[in-house]
Amino acid sequence: MSEIVGSTSILIAAEYLSNVTGGKGLMLGGFTGVPPTEIVILGAGTVGEYAARTALALGAEVKVFDSSIYRLRRLQNNLGNSRVFTSVMQPIVLNKAIVTCDVVIGAIRASHGRSPCVVMEETVSKMKPHSVVIDVSIDQGGCFETSEVTNHTNPVFRKHDVIHYCVPNIASRVPRTASYALTNIFAPILLDIGDSGGLMNTIWNNPGIREALYIYQGNVTSKDLADMFNLPFKDLELLVVSNQ
Amino acid sequence: MSEIVGSTSILIAAEYLSNVTGGKGLMLGGFTGVPPTEIVILGAGTVGEYAARTALALGAEVKVFDSSIYRLRRLQNNLGNSRVFTSVMQPIVLNKAIVTCDVVIGAIRASHGRSPCVVMEETVSKMKPHSVVIDVSIDQGGCFETSEVTNHTNPVFRKHDVIHYCVPNIASRVPRTASYALTNIFAPILLDIGDSGGLMNTIWNNPGIREALYIYQGNVTSKDLADMFNLPFKDLELLVVSNQ
Amino acid sequence: MSEIVGSTSILIAAEYLSNVTGGKGLMLGGFTGVPPTEIVILGAGTVGEYAARTALALGAEVKVFDSSIYRLRRLQNNLGNSRVFTSVMQPIVLNKAIVTCDVVIGAIRASHGRSPCVVMEETVSKMKPHSVVIDVSIDQGGCFETSEVTNHTNPVFRKHDVIHYCVPNIASRVPRTASYALTNIFAPILLDIGDSGGLMNTIWNNPGIREALYIYQGNVTSKDLADMFNLPFKDLELLVVSNQ
Amino acid sequence: MSEIVGSTSILIAAEYLSNVTGGKGLMLGGFTGVPPTEIVILGAGTVGEYAARTALALGAEVKVFDSSIYRLRRLQNNLGNSRVFTSVMQPIVLNKAIVTCDVVIGAIRASHGRSPCVVMEETVSKMKPHSVVIDVSIDQGGCFETSEVTNHTNPVFRKHDVIHYCVPNIASRVPRTASYALTNIFAPILLDIGDSGGLMNTIWNNPGIREALYIYQGNVTSKDLADMFNLPFKDLELLVVSNQ
Amino acid sequence: MSEIVGSTSILIAAEYLSNVTGGKGLMLGGFTGVPPTEIVILGAGTVGEYAARTALALGAEVKVFDSSIYRLRRLQNNLGNSRVFTSVMQPIVLNKAIVTCDVVIGAIRASHGRSPCVVMEETVSKMKPHSVVIDVSIDQGGCFETSEVTNHTNPVFRKHDVIHYCVPNIASRVPRTASYALTNIFAPILLDIGDSGGLMNTIWNNPGIREALYIYQGNVTSKDLADMFNLPFKDLELLVVSNQ
Amino acid sequence: MSEIVGSTSILIAAEYLSNVTGGKGLMLGGFTGVPPTEIVILGAGTVGEYAARTALALGAEVKVFDSSIYRLRRLQNNLGNSRVFTSVMQPIVLNKAIVTCDVVIGAIRASHGRSPCVVMEETVSKMKPHSVVIDVSIDQGGCFETSEVTNHTNPVFRKHDVIHYCVPNIASRVPRTASYALTNIFAPILLDIGDSGGLMNTIWNNPGIREALYIYQGNVTSKDLADMFNLPFKDLELLVVSNQ
């Protein structure tokens, strides 16, 4: 799913750079004799990797930032021969990159709760006019101080003359592709539930699925969700054992 | 300029495949486990080459058709290692490719007058619903029988449930990039006119520029244009000689 | 070893597509202006990966099918920049791919016992005449309903006018390369047996080797084999412990 | 056509390296941990280029020799990023390369008459046993002293324990692909003859076709052929002019 | 850090191949028509991988040797499409490669104590005059019998007319880049020590860091170091537990 | 020859960026997590192309400037898939690139007489301390205002704390490789002189060689040289005709 979101975020950026939507009138990418578009990607997870892959493919100049040197190295390895600019989140380098670029993709995922806010309003205010900010992390609160949730009807707003695209569910732009992707992931699980004799057996055998459950038989089994909505939390491990 | 048009035409296709604009809800490109988008490109000139380059970069499956084996070979060479499906305009192969694909880019340029019409209405009527046709050759009359000129305000219409994008000047979507590109081409010519002591000298020395002139000192110097608008035609070669 | 089998299977396909052996008279691969050969690969394990790598290198159009999205993603990552058509085993997509292609490589490996039969006789009967089927899984029973074991003397037979190559041990075509490969794997194990003071110690320290043993001191230690030939089975873990 | 011959020559080499045909038992190509097959290619024309491309694709180590530094540079450029060993025909380097390699492809084309003989019998006699020599230039006399014309029924012979494949028309192994390729080249010429009002007009307008004609209206119009068979030669240029 | 050392070792080799420093007068790399420089790399760890990557990038012919087929396969995968010559440490193949090459990079790391000596003085004495040996493993004792520690002031010596570069700390040639790299690794650890309430907690939670400590509160906690300098050794695990 | 100079210039830059020679202590190139070295290349001829190729290969970030959009496009095509930043010599973009980069390679060749001076002293004075300037055009007068000819004994000087390397004949660093390259070019010409019966015949038949001659039978035949040293000039064309 993150593959779709990463690739699509660059296509959205291309749309908002063109002047059909009142943008800068730039073509995302590069071609001979014209300095290429500069794209900064925050986060080197799967979203960031596919955004980088697509942006590079279009000929843009890409800079990827992440707090973890290991995630950066994995991204570099996966992108193969086309070496990209990667950097840890060193504030001076990061801010300089943001104020000179044309597009920023925010794709930082928190391990728990809210995604960290790494770009302050002050930095956004120094960006070039008509630049584009796409905050993919908006469903976890966003990683720009200026982000506010938008929707597919009114997907963008402007702040400091910077175009912000903050639709939480980017993948719903391409529902057919997204549903293929989900089917590919869920079909084997559903088949497995059928084969193994019921959901309980699958949960019992498969700690990965156990961890992915939010609600089971009316009980909230995700600690983060329970805390957020102030609901009683039940440990799924215990539920499972007691059911056997 | 054709580089811009080629690349941009694929980004436009991406937009009309997504469901924001009422399209199929597909992501242009491909990713693991989902059959990739199929794109047919008619014409292996510069527009076709850059469309192919961009589409391949996004992960789509690309088929390029052209009547000339030499143009196809040049395109193949320029695309480097990523070998693409290329074919001469064999009608059976071409029609089969068109009725099974998701996007067709028409980029056939005529050497004289109107661009040839290579896709008949009957073939278009068999295309998959919500497929996208982008007729880049529309400024020379178009290479689809179903094409009709549109504009940036109402860029598309539907025929046989196929989305047609027939805006003659695609590059004006990205005016800033386009003006860079034009400057890169015209600046040396203008400098040359200055250096060589006037336009007449530049025309005298440079047969390439001579051939590119449409009107010179009130005379129509392009045979095709003169024929089309029924105006008297003057041969620039003679004008130049007589002026010396 | 699977690397050898994967690459070699494509070279065999090339042989049977040429008309020296009564085939279609096609060159495996593609070149400018001629639609490329279509190759379907079933299974995205090491055999499938190396078959895909070799086929792509020759310029063919490759479609890889596997039931696991994770294996497909690994294959995609390993193939680097040259993105391929990958799909989960969705029956409609799979059957359509098989009836329109020129070569099918069957490389599905079962985790236990017999490899699953994924292509029915009905589908094979609809394939294009003189197409080539190479069933690499034949040593586990094959993944085509029409497969029957053959040998290096009479390696192929025809059914429904489709050429079937079902030699169980493809690697023995290139024995010198194969023995290099085996040496590279066994030499360190043998050195380790020598260093650690006997086979028993190596088995004791190394669960991986423990699992790979079929027979130990006259006892069948593979459950699958024992079941198949109706022999008494002894658990190697117990044997090892009792020997200490 | 040379594209087909170049690619096919490597597939033939793969066949004769495997032990099905009594060869060395090697897999053409390379894989991790085993020194790759070494292939020497004589001639950097189109045949040589496509042989190199295919061999590299299979993972072999490739050395290309040619007398012209410009042809080598073109080949290097066309092969893109994968830099190969290229060398002018320096005898010491060439002979050393031949006696240590597994396969030699001879693809030197003469501009007039017979192709030059660049590998002497003495060098062939020092090659490794069961090595493979494929003399693509055999239709112009061959570039190995040991070459003798063979045919598709008995395609190979052994000399000094080196397997020689000297079938003049390699492309007839893949007749269907070859006829596609020829059609792509001849169809536009035939259409042009039709459009321009007869063969004579096409010849008159097109010096390239003029030079490619061997016989015209019963007259031998190729100097080389006339000399070889001792037939009266007529200059086509004069014939054409006199016919107008 | 090994990435820096690997890349830099090739740049050093380039320096000592040129004749500024009295070398062979060769350009490291290859270009059309001239046989490329041959580089042998011993060890397929990170140093070896980055040395191979850089050498390939410059156009050299690279051979990588390692005792483990798995490390070779990882290196091959990481280098992506540009397949290299890889081989297990088969003595005949290895010695032949060394006596014919221009540069050898020794990058074998021991898991415990001294790195193994894989190239004997006899082999070195047969190398071509003015060849270059760069022993990156010199800080663990070196993998050439002829290696002796040198320093940045007198970095090389000659033995058997082979230039030996044996400076233990190659990365100090590029201190600014190296300190960036170290910061990237240490900064998160230091931040973690701060966040988790002191070094002891970090050690307690993180077995990886536990294993990397050489000295803790005045006690030698590395078995190898204690043995080497004959100092009393204390097991960190016990220290940690007793401190809780 | 320009291939050698281009590649070598980057290796020299690497040497002067390291701190062995008192440089910045940077590794030329890039690796994960550290912003890559920035290299500006002036001129998109063969020298510029090979400098770009080598710098990209090492992982640096490369910007190429040239006054001609066509040369830039050729460079882009030859570099294949790895798209680079190319720009016409737009002063604002150029100066900004120079003051922020680590290395500038000057490789602009004049068609007649002196190479144009494109970087003023003022711009050099704003470069980062310890940056490296390599003026390959120094043999035609240099393209930096601050350039002064140096030699292989004292190859560099500092101005405005920028290291200038201005040795006119860079290729003499790698004389063995350079002489190979020269041999590859001159050997066919010498053979041709022998075959065609003397130098005069070769000159007569070959306008390319005619244009490359500086002195013939005691006469200066190069207009530029004659002007520079105030010597009588003789037109070689006339000499050749009068000799027949």
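Letters are used for the chains, namely A, B, C, D, E and F, taken in the order the chains are written, and counting of residues starts over at 1 for each.
Everything that follows uses one rule, which is that a residue touches a chain if its C-beta (ideal position, glycine included) is under 8 Å from a C-beta of that chain, and two chains touch if they have at least 3 such contacts.
Everything quoted here is computed from the prediction, not taken from an experiment.
Touching chain D and chain E at once are the following chains: C, F.
In this structure, the chain pairs C-E and A-F differ in their number of contacting C-beta pairs, and the larger number is found at A-F.
Against reference pair D-E, the listed pairs A-F, A-C or A-B yield one interface repeat, A-F (criterion: more than half of contact pairs the same by residue number). Taking the mean of the C-alpha atoms as each chain's centre, chain C and chain D sit 35 Å apart. Here the CA centre of chain B is 45 Å from the CA centre of chain C. Chain B and chain E have centres, each the mean of its CA atoms, that are 53 Å apart. Chain contacts: chain F has residues 32-34, 59, 69, 80-82, 88, 184 touching two or more partner chains. Interfaces, counted as pairs of touching chains, are A-B, A-C, A-E, A-F, B-C, B-D, B-F, C-D, C-E, D-E, D-F, E-F. Within the complex, the chain A residues that touch chain B are 3-4, 7-8, 11, 14-15, 17-20, 24-29, 31-34, 50, 54, 57-59, 152, 173-178, 180-181, 184.
Those residues of chain D lying in contact with chain B across their complex are 78, 80-82, 184-185, 187-188. Of all residues in chain B, only 67-69, 77, 80-81, 88 touch chain D in the complex they form. Interface residues of chain B facing chain C in the complex, by the touch rule stated above, are 30, 32-36, 59, 61, 69, 72-73, 76, 81-83, 85-88, 93.
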